[in-house]
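Residue numbering begins at 1 within each chain, and the chains themselves are lettered A, B, C and D in the order written.
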Amino acid sequence: MFKRVLIANRGEIAVRIIRACREMGIESVAVFSDVDRKALHVRKADYAYHIGPATASESYLNVDKILDVARRSQAEAIHPGYGFLSENARFAQACADHGFKFIGPSPESMEMMGSKTRARQNMKRAGVPFVPGSERGLDIDAAERLAEQIGYPIMLKAAAGGGGKGMRLVQSPGELHSAYENARSEAQRSFGDNEVYLEKYIINPRHVEMQIFGDEHGNIVYLGERECSVQRRHQKVMEESPSPVVDEGMRRRMGEIAVRVAKAANYHNAGTIEFLVDEQRNFYFLEMNTRLQVEHPVTELVTGLDLVHLQMRVAAGEKLPFKQENIRLRGHAIECRVYAEDPDNNFFPSPGQITRLISPSGPGIRRDSGMYEGWNVPIEYDPLLAKLVGYGEDRDQAIDRLLRALYEYFVGGIKTNISLFRRILKDPDFRAGNLDTGFLDRLLAKPSNETDPRRPIVAAIGAAIFASMEPKATLPGANGATARNGNAAPRPTSNWRRTARAEAMRER
Amino acid sequence: MTYDIVVDGKTHQLELTRGEKTWLCKVDGQEIEVDAALTARDVMSVLIGGKAYEIKRERSLQGELHMVIGSARYAVDVQDPRSLRTRRAVGGSEAGPQKVKAPMPGKIVRILVSERDEVKAGQGIIVMEAMKMQNEMKSPKDGRVQKILTAEGSVVNAGDTLAIIE
Amino acid sequence: MFKRVLIANRGEIAVRIIRACREMGIESVAVFSDVDRKALHVRKADYAYHIGPATASESYLNVDKILDVARRSQAEAIHPGYGFLSENARFAQACADHGFKFIGPSPESMEMMGSKTRARQNMKRAGVPFVPGSERGLDIDAAERLAEQIGYPIMLKAAAGGGGKGMRLVQSPGELHSAYENARSEAQRSFGDNEVYLEKYIINPRHVEMQIFGDEHGNIVYLGERECSVQRRHQKVMEESPSPVVDEGMRRRMGEIAVRVAKAANYHNAGTIEFLVDEQRNFYFLEMNTRLQVEHPVTELVTGLDLVHLQMRVAAGEKLPFKQENIRLRGHAIECRVYAEDPDNNFFPSPGQITRLISPSGPGIRRDSGMYEGWNVPIEYDPLLAKLVGYGEDRDQAIDRLLRALYEYFVGGIKTNISLFRRILKDPDFRAGNLDTGFLDRLLAKPSNETDPRRPIVAAIGAAIFASMEPKATLPGANGATARNGNAAPRPTSNWRRTARAEAMRER
Amino acid sequence: MTYDIVVDGKTHQLELTRGEKTWLCKVDGQEIEVDAALTARDVMSVLIGGKAYEIKRERSLQGELHMVIGSARYAVDVQDPRSLRTRRAVGGSEAGPQKVKAPMPGKIVRILVSERDEVKAGQGIIVMEAMKMQNEMKSPKDGRVQKILTAEGSVVNAGDTLAIIE
């Protein structure tokens, strides 16, 4: 096993990998940018090196700096986490070239899966089912002909894309031209590559993905699926395993196809095959993620395995310690991605200092967090603060435990989307497992009405007692005015101004 | 002690008297006995007739005060009745100049208007970026850009005034 | 299901039950003594009632007060937790008499199991294996004859006993008389009952117990065993499931006997059958605990079930939702009981204010805690602060994860036994699963030597930088002296005095 | 700034100079560059040549200062060299009267000796109870009970003097 591993990442995933290292007796090397000197992953690692300014391209995305730290710290291997350099085949190659083991698939597998059109061609040959569409980037005339042939609505997608960038839904022939141009230029801006392809648009699809794992000796297994249909703007918000729509037969078929995909790419280490599932439970290959996923904990809870431990072991050349038939799924797990954003205000990002943090624990609750009380959430990186995962004997118990844990969770000083999860988990469609990728947008369009008529009075009483407990209020001559000052914050805002601003925001 | 407390826009009159072990609260004329204990910083345990509430106090950087009970969150303003009228008057009205403020810390990526430009309510004024997301700050009203108080590339704090629309 | 449940307990177990209530949509009613107004269970409950002064007999053990609160709060059922009134058959009867459902077995089952000698007689009839000994309390002459017959060493035990009280080991005939008298008077003092019985003393026994669960329709299942051999002064410190010594065949035999015991007692709800296991892996019935155990979480992690949810459902009249063949054990779980006591100083209790609390989380870690930062641990109750449970694919991974979590755990202001668990988990005998009830005493007799030569220097550097960061140190005219004052606490103690005290304590 | 720092009984000389981004520490003559950042209250992240340490400071009610690094705990005393001699002298010696102190808060359940009694080192003086455990406080030396400063049934704090043995 490796003696020392560098983690080329930050936030909760860096903490999660550092923990795995400590559990395995591996020394961990953290890297940090200027604004991350006090980040939790730096506090928890055995070694920590500064790698540059806040801007990711000059720090977490800078291959030379990371390889330099790997050299200086005498790390033997590099774990890329997710995001940043994790799906960068050139980085994986550079690691190999400099004698560091990249903890993930080979550069060749990554390369093959990195271009959606190339992946598609390879997979078609392996007999993997696809949404009808083009197999490669096409010009506007070809797009027009193909769209006519498979029928509208269709979806335009960037070949190099991801995260919803460079995607356009086209409902009818009249919209095709301008959508094509927009998708092309957005693809160019976002990925430096304007290749665009076309697919039939599946109405109300589910997003279901299959976790696979391969060693370097040709063994590949599937570890069950994850339902990831709860998305906002094509970004996952909640994930669960198993999927409410997948039964044993469908899991086996999907798993076997996923293994076939991985084998076609000569894949090893952790990977995920994403599928679209239509209303008739047909599933179509979407893409492969050649890294550990954000949502890997739900699979860990349901399989009882530790995927990061497995990554290390497989990268160190070990064989998978089990066979397909040894995998035993049990219970149900659901993950909430806690973001620093304001669900009551258009999901505006909400960086800043966490002044108070009360975290849930107890039965069936796993929490993977990158934050702590007093920490300043920087403005430069993505807003994922923590993942709260509920496990239960069945889906209902997992939901109930999550609701309990969310009730206990309190993040003060910044806004988070914790209240959004309560809404989702209480929604009848969610509870019934009636999900598709449009579910969350529909939910958000409905008015929210959680009220207890007695509570505002309790809030008023609480505010008054807090105010009267302030040191200033107990000074001689203290009265309502002093109490108010005691309670007021550095820059008081009148109620009117607050309302005005809230309205201004709502208009956007 | 007497307070006017605005909870989510509704004003409640509160009279607070400290008893031997509990507080006597007169809320909008109704008497309530309250057993309150500060357990941790900004976390108060309140018992009212056997019902237990945990109330968390949160003050944001922008000076807003919230009480969080369970998972419900209440915007609260604690006011001294005598100074209320004055404070209300300070607020200004739709007629005067209005500020476009940064709702979050972030970086100014684009300024979409120039000083003296005519703008419509809801028109984009400035684009900010934070946490890999871009957001447009819009004009609160029809009017004219009186002043722009930031520049492209600047890093701003939440609550900073970015522009004034007159 | 019940609408409202009163929890007649405090501390971590009250919190754990309140959480289960919230998850099940049941309103929870907490009770608290004078010193527990700010306790975590009061913070977390839906209702909370004061029941008297700190002394348990006037609050948590006071049946009338608890029934009065149940009435006032309109609770439908009462959960006793463990300890306090949980094994008091008269309390269970009083609940029934006043129309409250007692969440546990019937008073009759409790009564039968409450007296060890009576339990023994019943179980013998059911064909349960026993350590050779007397079946009832005996006088000194009978004790002498029986000891001669089964051979020394023998153990004298209080019939009404528990927790090591009223127990005496007798190595040879010459010690019997005075040991008998001592056991008798201690039994009288502790339990108001001086009945003493006698058993063969098993050398190096393991303490292994079997969790059973019954509904009120005659269905009883076993949920796997727990190894509880890591004890100090007959008090459990760590527990795990499965036991390193129990294989599938032994588990089935032990489980079937446990179910037979429960059936003989007409038992329903959660219960535990304790066994002694000798070096040849023979096992002998010890006693039955007619309540939820402190260590129930390890069984929950390994079975994937929630025993408190099950308790509620069974008490509400539901049938067990599974059969014996549906129980699937997976992985390994180990629990550490975090006590407010000083392992470096004779395990002295350490109540007081928790000034700083940093709690672990992440993969495979469950934490059931009754403490929080700022809370004052009262002197009146037992010192259990929290339970930290590690789960893993196998025993090694569970150990490694616990070690990682203990590394992250920091309780400042009071002393805890966290460092003890690190010692245990790193011990070669523990890692090999070579356990018996004498294991911990032997370990504690050995010198501890965890050192890193570089760390004391780092501690010195840290102390100096902390000192120089103190506000006072930055005032004009600040020098070493001010820095020292800034860093010193309210009542400075010279090094000499501290050492002197530590030595004085060591002598005891 | 210069400190004498006693860690687990061993004294280290420390000279601390604040650099631009790091601290320069001279420890027992050896120069060490230290990058230190206070992350949360009483929690410091320290980097020394790439090695990362999280140091937690703990001050007990009795005034003891500890540094906790990982799971190791160090008793630390920060001293000003000039006043060291004076402080050492204050400590007293085995020859004089010595105090029996409460090592924890608790309740006095029994007093085993009377004032003026002769006692041996290690002899039980007072029995305290806390958290359902009874513990005997013993005499630190051979001598005589000069004074008993508590009574059966009293509740005492950690550090309270219970008796003086002369």
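As a working rule, contacts are C-beta pairs under 8 Å (C-beta built on N, C-alpha and C of every residue); 3 or more make two chains touch, one makes a residue touch a chain.
Since we're looking at a predicted model, the values are computed, not measured.
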Pair sharing more residue contacts (C-beta pairs) when A-D is set against C-D: C-D
Where chain A and chain D are represented by their mean Cα positions, the distance between them in whole Å: 48
Separation of mean Cα positions, chain B and chain A [Å, integer]: 31
Shared interface positions of chain A, touching two or more other chains: 44, 407
Touching two or more other chains - residue numbers and ranges from chain B: 41, 43
In contact (per the touch rule at the top): chain pairs: A-B, A-C, A-D, B-C, C-D
Complex contact set, residues of chain D against chain A: 37, 39-41, 43, 45, 47, 50-52, 54
Of all residues in chain C, those that touch chain B in their complex: 29-30, 37-38, 42-49, 72-73, 372-375
Touching residues on chain C, where the partner in the complex is chain D: 340-341, 345-346, 348-353, 355-356, 358, 379-383, 406-407, 410, 412-413, 418-419, 422, 450-452, 455-469, 473, 479-481, 483-484, 487-501, 504-505, 507-508
Touch list for chain D against partner chain C, complex: 1-3, 5-10, 12, 14, 16, 18, 23, 25, 27, 32, 34, 36, 38, 41-44, 46, 48, 53, 55-65, 67-83, 87-88, 90-91, 98, 101, 103-107, 121-122, 130-133, 135-136, 138, 140, 155, 158-159
Chain C residues within the chain A interface of the complex: 15-16, 19-20, 22-25, 44, 297, 300, 304-306, 308-309, 328, 330-331, 359, 361-369, 392-393, 397, 400-401, 403-404, 407-408
